[in-house]
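Given below, in the form of structure tokens, are the structures.
In what follows, chain A forms one complex with chain B and a second complex with chain C.
Moving on to the complex of A and B:
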């Protein structure tokens, strides 16, 4: 063990960690949008939408992320869209996250007492208003712990996008340890950085949860 | 799809699938055994030991599986731990799983009604007997859904082993894709195959769940 190796590599690793963070955040945000849309589609009562949403969720939760990533990476050029690996990676993370998020929302929506939307309906609220004012705000609050958990899972899963050559934390660790032949030190440092980010996220999640519980 | 390709690559794919199953089964077994021991050790009231086990679980759950694999496989030799890819893969899966299994077992352990343990104790049962005849059967029933879920997750994680060159199914399929230039078709086939595999594991798990909870009037009792 030589700590000087870690000190030398630290600026590069931290820079790469920033890439990991923003890619994961972007993935989770796009995943939120997809997740909400899929969830609403599945609750809409239209059979075709429900089935399509169900297949989407089953596929992206059942197929390993690494395969989804390669699938998107190889599929897009085939239909004439030539995208950089970064876009394919963010796309794969968002689609995977969307499937999990839609299930989180479904569970949270079920936890909102049914009588509330009935009462709103009886008061003459339109369906979009019921969604916007009654269901989604409460479902969001219920889903916060699960969403923070999802962000942590996605941050860990983002290590897989190193495979298509995106220079995030894992890829950068690989590159550095391939050039200085010190994989033990470099991967230990990378592990500590991941752990630090995830602990910070968990702490942040606990704070938000406490805050919302007061609200 | 060209049938010649299947003749040419069929044996390699089958062998790869065998390695996948081997890694998964051995990884699950090691993970559960280790997780169970960790759960038992966590019951001991010695502060440093508790901190150590807590740290172990937090570190494993807070870092990506891929980094753990790299540490074991590439970083290992620096401290004299030279492992073959498949061995490193199995061990990595086991260690990764152990942290999650330990938490599942802990929840199951806590869910056993205290009164039952106290009753057994007052009847003069030794602790080993209480563990084997009172705690374990109740735990088995209440933890099965979570265990099955974790095993399905580990099925998906086996593909990550291909990155450290474990010759499992994903690795063989990528070799095939590279050699035949039929990347998209191969990867699509792979996606469908794993979809079915994970679905099969989950279904099998639900049947096991139904079987071990069959004597309960309401299966939900098990989780109470």
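Moving on to the complex of A and C:
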């Protein structure tokens, strides 16, 4: 073990870690939007929307992220769409997380008592207003622990996008260790950085949960 | 005095004002869940400014009937009219069931208070009351907040405006729920066992608010197990049993002069449970 190797590589690794973080955050945010839309579609009571949502969820939950990523990366150019690696990576991450998030929201919505929307209905609220003002805010609170968990999983899963050549933390570690022949030190450092990021996320999640619990 | 299901007889009871105006008319309403009949041919008229209490054993259909009045529950046959307007269906032959969107106009004039309060936990008491004013009445936020504050004061909770429901007692939560409804200036209020989820010592404060509303001339239909409230505040009481109105009239008659054996038995059970 030579720690000087780590010290030398650290600026590169930290820079790559920033890439990992913003790709993951972007993936999770787009995943949120997709997740909410899919969840609402599946609860809308329209059969076609429900089926479409169900197919989406089962595909993106059932196929490994790595395969999804490679499919997006290699298949889209076949139909004339040239995707830069970064776009393919973010696309795959958000589509996958959207599938999980929609299921998280579905579970949380079921946990909101029926009387909550009934009270709004009795006051003359429209259905979209009930979703926006009553159901989704409550479902969101219930789902915070699961969403933080999802964010952590996604951040780790983002190491897979190294295969399409995006210079995030894992890819950068590979590159550095291939040139200095010190894989143990480099991967150890990468592991510690992942751990640090996720610990911070978990802490942030606990903080948000406590804030919401006061309401 | 004879107990009757006929609404015509109900009109004969001495009216406080000159000519009673019907607020709710229920005619031949029936409802079944598959083979299980929960409402059988119900006739009932509630006049303007009148308080009608629905009493009866659990499973008698009283809550179902109440929920049919604002169409949270669908009735199969018969008709319910509020201020002449048919509830839940188009006024055509054959009639067509209305969507929730089409029911909004009716529901904004009919307030409902629930057994479980159903306050929104992510909003303060003030926000709970102001929300419908903004979302349904289209008031701007400032005006809605002012009005919400007035309504909270009316139910004695001016100092709890910024509290979340989880910080309020059951009685306070139910009073906020009542404030939320009266802020909308409903023509009619429905109460579905409003005190059944409360600790005994908190029942009084909610009943007092309801008494005040009745005294102000609010038209109220109240499903309740509070016989004292029914006896003292109701203009008329309907005893439901197995989906039928088995007794109907002024409280004195229903409580003391009804020959119906099921009602006698029901009141007997009530007295035994409340005596010690």
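The definition used in the following text is that the second predicted complex is superposed on the first by the 215 of 215 C-alpha atoms of A that agree within 3 Å, B and C clash if a C-alpha of one lies under 4 Å from a C-alpha of the other, contacts with A are read in each partner's own complex, and residues count from 1 in each chain.
One rule holds in what follows: contacts are C-beta pairs under 8 Å (C-beta built on N, C-alpha and C of every residue); 3 or more make two chains touch, one makes a residue touch a chain.
Since the structure is predicted, the reported quantities are computational estimates derived from the model, not experimental observations.
Superposition note: with chain A as the common reference, chain B and chain C can be accommodated side by side.
Look at A:48: by the touch rule set out above, it reaches neither chain B nor chain C. Using the contact criterion defined above for the overlaid structures, shared-chain residue A:74 touches chain B, although it does not reach chain C.
Using the contact criterion defined above for the overlaid structures, shared-chain residue A:162 touches chain B, although it does not reach chain C.
Counting residues of chain A touched by each partner, chain B versus chain C, the larger count belongs to B. Touch criterion met: A:59 reaches chain B, while chain C stays clear of it. Looking at the shared chain after the overlay, A:115 reaches chain C, while chain B stays out of its contact range.
Shared-chain residue A:199: touches chain B; no touch with chain C. Put simply, chain B and chain C get as close as 26 Å, counting only Cα atoms, in the superposed view. Chain C makes touch with chain A in their complex at residues 70, 72, 100-101, 104-105, 107-108, 110-112, 114, 116, 118-122, 131-132, 135-136, 164, 166, 177, 180-181, 184.
By the touch rule above, chain A contacts chain C in their complex via residues 113, 115-116, 118-127, 129, 133-134, 137-138, 141, 214-215.
Residue ranges on chain A touching chain B, taken from their complex, read 1, 58-59, 62-68, 70-71, 74-75, 78, 152, 156-160, 162-163, 170, 173-174, 177, 182-185, 187-188, 190-191, 194-195, 198-199. Contact residues of chain B toward chain A in the complex are 58-59, 62-68, 70-71, 74-76, 78-79, 156-157, 159-160, 162-163, 170, 183-184, 187-188, 190-191, 194-195, 198-199.
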